[in-house]
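Two complexes come next, and they have one chain in common, chain A, joined by chain B in the first and chain C in the second.
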Partner chain A sequence: MRLTFPHMGNAYIFVGDLLRRLDVEFIVPPKTSTRTIELGVRYAPELACFPLKVTLGNFIEGIEAGADAGIMIGGVGPCRFGYYAETQRRILRQIGYDIPMYILEPPTAHPLKFYRVFKQLCPKKTLRHLWKELRISWKKAVFIEKIEAYALKVRCFEKDLGSTTKAKKRAISLLENAFSETEIEKAFEEGLGLLNQVEKEDRVAPKIGIVGEFFILLEPYVNFDIETILGEMGFYIERSVFLTDWINPGTKAPVTGHSKDEVLNAAAPYLSHFVGGDGRQTIGHSILFIKEGFEGIVHLLPFTCMPELIAKSILPKISYDFDIPFLYLVIDEQTGRAGIQTRIEAFADLVRQRHLKNILPKKDKINWTQKGKIQPVGVNIR
Partner chain B sequence: MLGLPRALLYYKYGLLWETFLKNLGIDIVTSPPTSKLIVEMGLDVAESEICMPVKIFYGHVKYLIEKQKVDAVFLPRMVAIEKPAYTCPKFLGLPDMIQAAFPEANIISETFNRKKGLRSYYQSYINLAEKLGAKKWHSIKALLKAEKISYEFSKKLHSGDSFSEAINKVKTKKKDSKIINHNRSNIRVGVAAHSYNIYDEYYSLNLLNKLKSMGATYITPDNVPHNIWAKYSNKLPKFLFWTYERELVGSAFYWIEKGMVDGIIYVMSFACGPDSIVQYVLEDEAKKFGIPMLTIVLDEHSAEAGLITRIEAFIDMLERKKR
Partner chain C sequence: MKEKYYLGVDVGSVSTNLVLINDKLEVKAYVYERTRGEPIKAVQNGLKLLVEKMGREVPVFGAGTTGSARQLSATIVGADVVRNEITAHAVAAIHEVPNVRTVLEIGGQDSKIIIIRDGVVVDFAMNTVCAAGTGSFLDHQAQRLGIPIEDFGDMALKAEKGTRIAGRCTVFAESDMIHKQQVGHPIEEIIYGLCQALVRNYLNNLAKGKEIEAPIVFQGGVAANKGIKRAFEEAIQHEIIIPTFYNVMGAIGAAILAKEKTDRTGKTNFRGFEAAEFSFQTSSFECHHCSNHCEVVSMKLDGKTVANWGGRCGRWEIGEVERLDFTVS
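So, the complex of A and B:
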């Protein structure tokens, strides 16, 4: 049996790493491309949300490449994500790929179901094995995302356009190929070094925060790599969602460094109840960004996404109350790169002009000379 | 004066809410049935990509505030009305969404979450009444009355009355009189849909009456008791975590298994999250049983002529199949 699973940004590295450690065979589908999206759109229900279509495309391409089973995260609602795997299993069967789909339900909600699936996949392993390997894979995943987060912060200071992206790619592949715990730690240090060695220039970089739906934020192919575009335009970028922050069961997010309560409390005056997905996080992180002196916020969401539309119904009020511009980008298979590019440019101009008019007090500004302030948070995790 | 928007879950719990509030001695007013004006008001304030039923809800709130000059809007947060499942994310965020769009409005809200236990669920009513200045004892009495009426109402529904018949009977305390059906076609369809998608006559383009005038009889998920749809929906291999979709799928399974319907009409709103998935799942299941299913997607541009043609064609097809 060879498993396949969707990409979701760098999530495939984490999943693949863990499966390798547990001696489960797998096939990583080809990178998400126009073809992936076409396949997904062709077979998924027309009104389903975009991530379902893209990940369906990944499954199909994975099966074409030789996989004969799928693995996917489940969920208990109230957002559609929890029903993705079940729906995709049905779609695949309809189009002639009657493969078993292993659905990993969250162990906190369904410990037994989780255990059963684990045992089916690795009959010879115990939970202790899983825990031991998971800890190492996890560390790798967190480090990869810390590298990502750090690159977002320093890209705006690079002297040669694209040098940060190049360094980041090298750093991530170092981590990808590291196996033992010490190797992983070493690769991380080296990776940070690569990013630090990128030649920098001193310049004033206004801060832009990116918030929104999990999948769209994690998958650069579908979000048109907006973080890199803005970074290369000279903006300091942070984003709200990281895979490991999202899965992390503890309270403090390893990558952004915010605790769950901090985010939810920030959201509370505007959205006091959870709404599934990342709706409340979108509101909370927007407020935190604004309080930290960010001068513009980009909200990315799939068309018809429920939690994000709830957030989008509320964000204009926040934008008004704090006088901060927001850019809303609704993404699906019909979104064109050209349109997005123009809107990003217009938004970037707006933020820069407001910045130059000195709307913010001096102390909230950052530039490379103050680089000591820019740190990948919590470098030493255990 | 406290205003109730005649939209979304009003079509489920309106009777209960009205009775409860009236018995508390609160002066209430309910917005009129959806009209062109109300829809326009909704489109004006609501987020542009959100599902139409929510936009219509915004319209009713705006109408209550601007035209009916209410002092406050009644808007409970219905998180879960049964232990295992949620309603829809939109209902979880609705009070906050409305507050953001109408910052000046006074919104009377309280969270109803059956997942936290039956006691806390009923406590929510007491808390709500307290916000309106009612004493605990008073609110318990009002709640009992409301529950009684709503029980009678659901009994009427379960005995086969349509939504409007049941409302009329309960409100006017009319005795049951069995209406004899004179059907030319005796085609029976199950209409699987959220209550606000089919009982809002303006938005649904009067779909149910159209079915009737074409000579078909229909049955809706409201006619199926909770325990039955819950049991039948659990036949799905993966537990469905949205209550109203459970109701819809469970009812459909029940109708199919008992041979109660010749076909199913699935009515959903464009941009509806849960239905976009569940429509597919139900279609997949209905295929296995050879039960035809017609899906109607409503949005602000739905046209009457197109709807009639599609339903007629569907009914014709069912008739041919039956012969």
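So, the complex of A and C:
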């Protein structure tokens, strides 16, 4: 049995690492591309969420590459995400790929279901094994995300355009190839070193926060790599979603620097109950960004995403209350690059003009000479 | 002292506009022509028309481009600034009406609303998925009714009231309009009804949640249509200002931005009006360097590649990404 699984940014490194440690054979599908999306769109219902279509395309390409089983995470609703795995299994069967689909339900909500799937995949391993290996893979995943988060913060200071992106890629591949715990720790230190060695220039960098639906935020191919575009324009970037925070919302050391409780408390005045997906987190992180002196916020969501649409209907009120500009980008297979580019450029101009007119207090502006304040380990600047 | 001139080029889906402004930001000449799907030809033809109006000896000290073909036209003329349409339109509107608070812009295939406070853009929206609220929609319906688009506005003004037409979608609007014709509504009322449908669509979708405050400037090609102006004024219950050069505002904005930039740098990349005679060739290829398979467009001048765009990673781009300066305007 060779498992395949969908892409979501760098998630494949973590999933692959864990499967390798558990001696499960797997095939990583080709990276998400135009073809992936074409395949997904061809076979998925038109009004399904965009992430379902993209990940369906990943499964098809994984099967084409030789996989004969799929693994996917489940969910508890009320958003449609919990339905993806089952829907995709049926679609795949209809188009002639009758493969078993292993659905990992969240262990806290369905411990028994989770255990059963685990035993099917690794009959010879115990939960103790799983815990032992997961701990190391997890460390790798968190380090990769810390590298990503750090790159978002320092890209705006690079002297040569693209040098941060290059260093980040090298840092992540160091981590990808590290196996033992000490190797992973060493790779992380080296990776941070690579980012620190990128030649910097002292300049003023207004802060822009990116919030929204997790798949769109984590997969650069579908979000047009908006964080790199904005970073290279000269903005300091933070985003609200990281894979490890998302899988383990109770974490004591979130990559974003904000615990789940902190985020939900911040959201409470505007939205005090669960609406599915990350709707409440989008609101909470927006408020936290604003309180930290961010000068603009970009909200990304897939077309027909219910939780994010709820958030989107509340954000204008926040925008008005705090006098902070928001850019809303709805993304699906119909989204054109040119349209996104125009809006990003216009938004960047808008934030820049406001910055020049000093619409925000000066104390919240940062520059590279304050670099001691930029912490690679998910701590926010204060 | 010799007067200095600045060129602005705005190439959109439907029209290509060029303006020459002087250093007092006055419009000295402008060209408004149809793009007809051939932006290179349109820009070069525009340059020729400007030369016919002003002579070849005009001293151009800076050039700026905007519009959906801004990169392409920047390569042709040798632009100093390449800016998005929203910024360009806002800059021109602020120049024309310094205390402007709302800009309504309707072009061939896109429409925008720009909210300005104290001379700074604070919010904007562009139509996202549908062209039902744009010039092409009116163009198409005028064609169907057999009325030249130029007469459309005057006919709309003759109507006492508009017939209610569903304007959410061009296809539905058309079937609704046919129905209204079949049951005998006068043509003027149908035309004005269409204008109202477009305005309703614009206000209910694009401008939803935006605070439309006066002074309101209405620009873009569709501002030529008096019926739309009337429908806007009836819907907003406020007077709307249409600037003198309403249809080339994007180009004016690009020219103003070019002046600001070249005043700072003291040099221009403008190729000169000879660019109208150059032979540019474009070709496209799919890059297979990674799984993104970007469609890269390559532009050649006399066999030498002068620009590439369309790639996602920066591998092909020759020109630099513009890094913004947050210390000076």
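Throughout what follows, the second predicted complex is superposed on the first by the 373 of 382 C-alpha atoms of A that agree within 3 Å, B and C clash if a C-alpha of one lies under 4 Å from a C-alpha of the other, contacts with A are read in each partner's own complex, and residues count from 1 in each chain.
Methods note: a contact is a pair of C-beta atoms (placed from the backbone, for glycine too) under 8 Å apart; a residue touches a chain by one contact, two chains touch by 3 or more.
Note that this is a predicted model, so its numbers are computed, not measured.
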Record, for the superposition on chain A, whether partners chain B and chain C clash or fit. fit
Tell me which partner A:161 touches in the superposition: chain B (first), chain C (second), both or neither. second
For A:83, select first, second, both or neither according to whether it touches chain B, chain C, the two together, or no partner. first
With the two structures laid over each other on chain A, which partner does A:203 touch: chain B (first), chain C (second), both, or neither? second
Given the touch rule stated above, what does A:307 touch, chain B (first), chain C (second), both, or neither? first
Could you say whether A:346 touches chain B, chain C, both of them, or neither, answering first, second, both or neither? second
Kindly classify A:33 by the partners it touches after superposition: chain B alone (first), chain C alone (second), both, or neither? second
Figure out whether A:316 sits in contact with chain B (first) or chain C (second), or with both, or with neither. both
Chain A-centred angle between chain C and chain B, computed on Cα centres after superposition, in steps of 10 °: 80
Which partner does A:274 reach: the first (chain B), the second (chain C), both, or neither? first
Given the touch rule stated above, what does A:221 touch, chain B (first), chain C (second), both, or neither? second
Taking every C-alpha pair between chain B and chain C in the superposed model, the minimum, in Å, is 5
Show which residues of chain A both chain B and chain C reach, each in its own complex. 316, 330
Which residues of chain B touch chain A once you look at their complex with the stated criterion? 46-47, 49-51, 77, 79, 85-90, 92-93, 96-97, 100-101, 103, 111, 237-238, 240-242, 270-277, 279-281, 284, 297
Residue numbers of chain C touching chain A in their complex, please. 68, 83-87, 118, 120-124, 126, 128-129, 209, 290-293, 312, 314, 320-329
The residues of chain A that touch chain C in their complex are 30-35, 161-162, 203-206, 221, 224-225, 232-234, 316, 319, 325, 330, 334, 338-339, 341-343, 345-346, 348-350, 352-357, 359
Chain A - residues contacting chain B, complex: 45, 47-49, 52, 74, 76-80, 82-83, 85-87, 90-91, 94, 103, 270-277, 279, 303-307, 309-310, 312-314, 316-317, 330
